[in-house]
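Would you mind keeping the following structure in view while I ask a few things?
We call the chains A, B, C and D, going by the order they appear; numbering starts again at 1 in every chain.
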Amino acid sequence: MAKKNGKKSKSSVRPMVRALLSNLFKKPATCQYPFVKAEVPEGFRGRQVYNIDLCISCGLCSRDCPAKAIEMIEVDGKRRPLFHLDQCIFCYQCAESCPRNAIMSSKFFELATTDKSSLVVKPEEKVQKGNGEQQ
Amino acid sequence: MSKLATWARLKSPWVLHFNSGACNGCDIELVALLTPKYDVERFGIKLEPSPRHADVLLVTGSVTQQCAERLKRIYDQMPEPKFVVAIGACACSGGIFRGNYDVLGGVDKVIPVNAYIPGCPPKPEAIIDGVVKLLNSLKPEKPSKEEKKK
Amino acid sequence: MVLDVMFVFRVLVFPGFTFLFFFTMFCDWIERKIEARMQNRMGPTFTGPAGILQPFADVVKLLTKEDIVPRGAKKTVFRLAPILSFSIIIFALSFLPIDGAAVIPNSSFSGDLIFIMALITLANFFLFLSGWASANPYGDIGAARVLTQFLGYDIPLFLLALAPAFLAGSLTISAIAANQYLPFILLAPWAFVLFIITLQAELEKDPFDIPHAESEVVGGLETEFCGGKLAFLRLTRDTQIVFGAALVVELFLGGPYGPVFFGPAAPWYFLWFVLKLLAVVVITEYVTCLFARLRIDQVLTTNWKVLLPLSVLSLTLTIAVATWIYPMVT
Amino acid sequence: MSPKKIDMLSILQAKFKGTSVQVQPEQLGKAAIIADASTNRDVLKAMLEADEKTAVIAITGIDLGATLGVFYHIRTSKAGIITIKVEVPKEKPQIKTISDLMPGTAFDEMEVTDLVGVVFEGHPSPGRLVLPDNWPDDVFPLRKDAKLDNLQYKQTPPNETEPAGNENIVKIIVGPQHPALLEPEKFALKVEGEIVKDVQPRIGYVHRGVEKAAESRTYLQDVYLVERICGICNACHATCFVEAVEKILETEVPLRAKYIRTVLLELNRLHSHFLTLGHAGLEIGFETLFQYFWRDREPIMDITEIISGNRVISSGMTVGGVRRDINEADIPKIKGMLTTLRKTLPFYKKVYEDEPSIRMRMKDVGTLKREDALKLCIVGPTARGSGVDIDVRKDEPYEAYGEIPFKMITYNEGDTWARMNVRMDEVEESINIIEYALDNLPTGPFRVRVPRVVPAGEAVNRVEAPRGELFYYLKSNGTAYPERVKVRTPTFANIPAFLATAIGSNIADVPPNFVSLDPCFSCTDR
């Protein structure tokens, strides 16, 4: 039974007609995200990685943060930055203005959570260095 | 019977998108989910036109004074079991516009929010990860049955 | 009256309601998969093997959702219209011979082609009612558009359906399907092409999908419905697609009859019927992905100025072919 | 076109020799004209007669302490911006409207009334533009003494129920939440049968008070704030602001930074055009085209991510240069992606030009003649689709556009089909620009140290955003915080085009006409 494709007059085969048919048999251009880890280029602005030893608690980062997402809190006598990840816009102005490069960017972007309190990153909380590990 | 209902609810979460005053950076990442590269239809997620059809309300943008009442009305129009996902720093807490005179700052000031996805804008993969985490958070209903059996 | 078990099984289970119910979902899955593949994406894959249970999951989820009846809506019509339109379409489907004989055995009477066409009109009328009953401005506009478009394509649809009736010399579908010595698609290809185009209009698929166009009329007539009633509305649309494709198979592609290789004929006829039906569904899906949506006035002009005269012309051509072929065959 | 050179300044000086109007050349862009409430209309009339392409870019309302300043920024066919400065006493802030001379300025005047409180007598449709309806009447946010913390909002019920005139006119509200519109804005369409009789837009749903917020942040932080006015054209906002600050500081940005900025700007234009061309397909029901366009847009987002670290908000600009360098290792990869992109263009060009269903839905829909486009001060591809050849990259080359050869695309049909094809061709040009910039990227530093405190001064600046000409006015007062930042975005100027073409058209033509404008309401409401 021929698949009758009797269309009325059509001069050259329209590009859409050919594209549709060819895509039918081509592999779909979908990356299977949750099952295949997404490859993230260098220099991606993911979650901050804060190194407490280099920090001299000068407070420059919280002063320069455009979204005022960094709060200085008292941690055993010294003032340390507390990152509010729900307010942060990941622009990394803090990393630029930090004199001791205590704040580095990481390639970790899966920050979604169902409870808001986990989005406040305290300085003394050991944050995994490197990238891509779950919290 | 309720196991089947939960399975169906997890497998076909219909989505409604409302932009309550965003810079549409998060909106274009959200619409990018429907396109071939990310294609959330694999999980059965479909963008629905009317609040009556939707289960999950994806809200982007720091809620402005004018949008607040509209957001509340849309939330009320959605049938039960409904969930709300706040996408982007603006929806989670008002982001860079927090404190402005016309901005309420955060969706949870108007309607209860089930999942937060920070980022400005979050990568499409991060939004998928957020929705998957929201759906997983509904699953524990099953183990609670095992406790009942014990 | 002893209940004939075969009759109940035949109507309720095999080629009857349950089979049609799951077959509609299978066709919906095929459609979503083909449309996704044509758009170079994957389509539903994680519900059941290769996403085959996705339509089933949609329906079950809709049935378990809360059912809201808006205050301003006309209560009874609002509740009844979706279920009625779904049942009418299923009733109409039971007249088409699926495995050699109609779903309800010896139920085909002479002239049931006209009866089925009338059933389509009734089903569309109930869709209009459901849109009109939901007190939502978009619902009214969507419902009005269903009617305007329906007026446009109903007459050409009927005229084109007459072409195979002429060739087969009778108005009963099973008779038309039976004595197709040569599939009518080869005898009257123009009627087939026009029928596919009018089918696009009847199924509200893309070039003519104005009643539920998202960008103009938010949800069309489905805007106010949620939960069970929405499930029935969506099912009505999917069953309409299966019904349209089944009609094409009966009238143009020689119905369920095809070469039988071994053993009893019924399972083979059933297999041929399903294959042909899927082919037609793929064609309609292909046409959907090919065109943009037309404006409502462009649709009306194409219906009245193009489709109607062409269908009359195709009728005359078929008569000419019939008078030339008929004496040779009988 | 007026080939003869018009020296606008000399004409104005001659005309207003004896009167109280002083012309100060080379002040704030090309020239500043000090006028007062009575003479500003005559100056404008004089400029209109002298040059056909005169258009009011923006009207800035500013609180000058004792008085309220109203500045009219005007663009003429020659490069440079002329500003008419008018001061109005604070107790009686009244001035005559100019929307009868230039219909395109009706929106600007409503906004100045909303935010600064200057009343324009004789305005055709006064009312709230950006602020919510229940905003207290006596509070004007952009005044220095505005008390903005605990505001008592008046509870006014939304007025959707007012009758729609005679009975056969149906009132359709294309509400804030609508699947076709990515952003919230409301259009009340009065429809008789299938013909649209009247369109009342109600924008302001995305008004986040960016201009007020900009006054409480340092210049460095303002770059990130200004970038998030619009997610699609963020690089343009950042560049325009940064260039205005550099004009006041008179710092010279290194050449390599200029090239990198041009690359980021063109990447922004590419991804914005691909987004709109796809979205247009979705509006006319051609979902396959939408899917194809957005599939081929992904490489552009990946390139932006490689260069700047974020797919959408590139945050590449800072005062005095660029924040990151493009390292040489990535350039071949970027060039590879661009060539694959270039291969898909002929397919899309053919689809947009002669696909019958697209032509049926887009040919002569929302046609805007050239004179109307000029009168309504329309900018960008919408204007170029009607034959008006204005493009800031050509008229007033900034960054590295002076050294990079590219063509300005104009069509004369002026309908939706033409505007879409303008964008289609501009995609090709953008790819050429990026490849040219990447090929001869000059070596050298990409950033210059800049002091945090900016001396007092004023600056005006224009940049060609994907939707049209973006305008910034910046006033600094010698501290680290700007005094006033005025933003006039292209969609703000293009909305009158939609209103003019929508009235009298078929209701089903409204979506394609609307999307051909490529509206960005987060830009419009700021």
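Here, a contact is a pair of C-beta atoms (placed from the backbone, for glycine too) under 8 Å apart; a residue touches a chain by one contact, two chains touch by 3 or more.
None of the values given here were measured: they were computed from a predicted structure.
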{"item": "Comparison of C-D and B-D (more C-beta pairs in contact)", "value": "B-D"}
{"item": "Distance between the centres, which are taken as Cα means, of chain D and chain B, whole angstrom", "value": "31"}
{"item": "Chain centre separation in whole Å, for chain C relative to chain A (CA means)", "value": "47"}
{"item": "Euclidean distance of C-alpha centroids - chain A vs chain D, Å", "value": "29"}
{"item": "Residues of chain C engaged with two or more neighbouring chains", "value": "36, 38-42, 214, 218, 289-290"}
{"item": "Multi-chain contact sites of chain B, meaning residues that touch two or more partners", "value": "35-37, 39, 42, 49, 95-96, 99, 120, 123"}
{"item": "Touching two or more other chains - residue numbers and ranges from chain D", "value": "179, 224-225, 228, 288-289, 291-292, 295, 310, 313, 355"}
{"item": "Contact graph of the chains (line, ring, star, complete, other)", "value": "complete"}
{"item": "In the complex with chain C, residue positions of chain B that touch it", "value": "4-5, 7-9, 11-12, 14, 35-36, 39, 41-44, 48-50, 52-53, 55, 79-81"}
{"item": "Interfacial residue positions of chain A with respect to chain D in the complex", "value": "14-16, 19-20, 29, 41-45, 64-67, 89-93, 96, 105"}
{"item": "Contact set on chain C toward chain B in their complex", "value": "32, 36, 39-47, 51, 53-54, 56-58, 60-61, 64-68, 138, 214, 218-219, 222-227, 230"}
{"item": "Interface residues, chain A side, partner chain B - complex", "value": "28-34, 38, 66-68, 84-91, 109-114, 116, 119"}
{"item": "Residues of chain D touching chain C in the complex", "value": "170, 172-173, 178-180, 194, 281-289, 291-292, 295, 355, 357-358, 360-361, 506-511"}
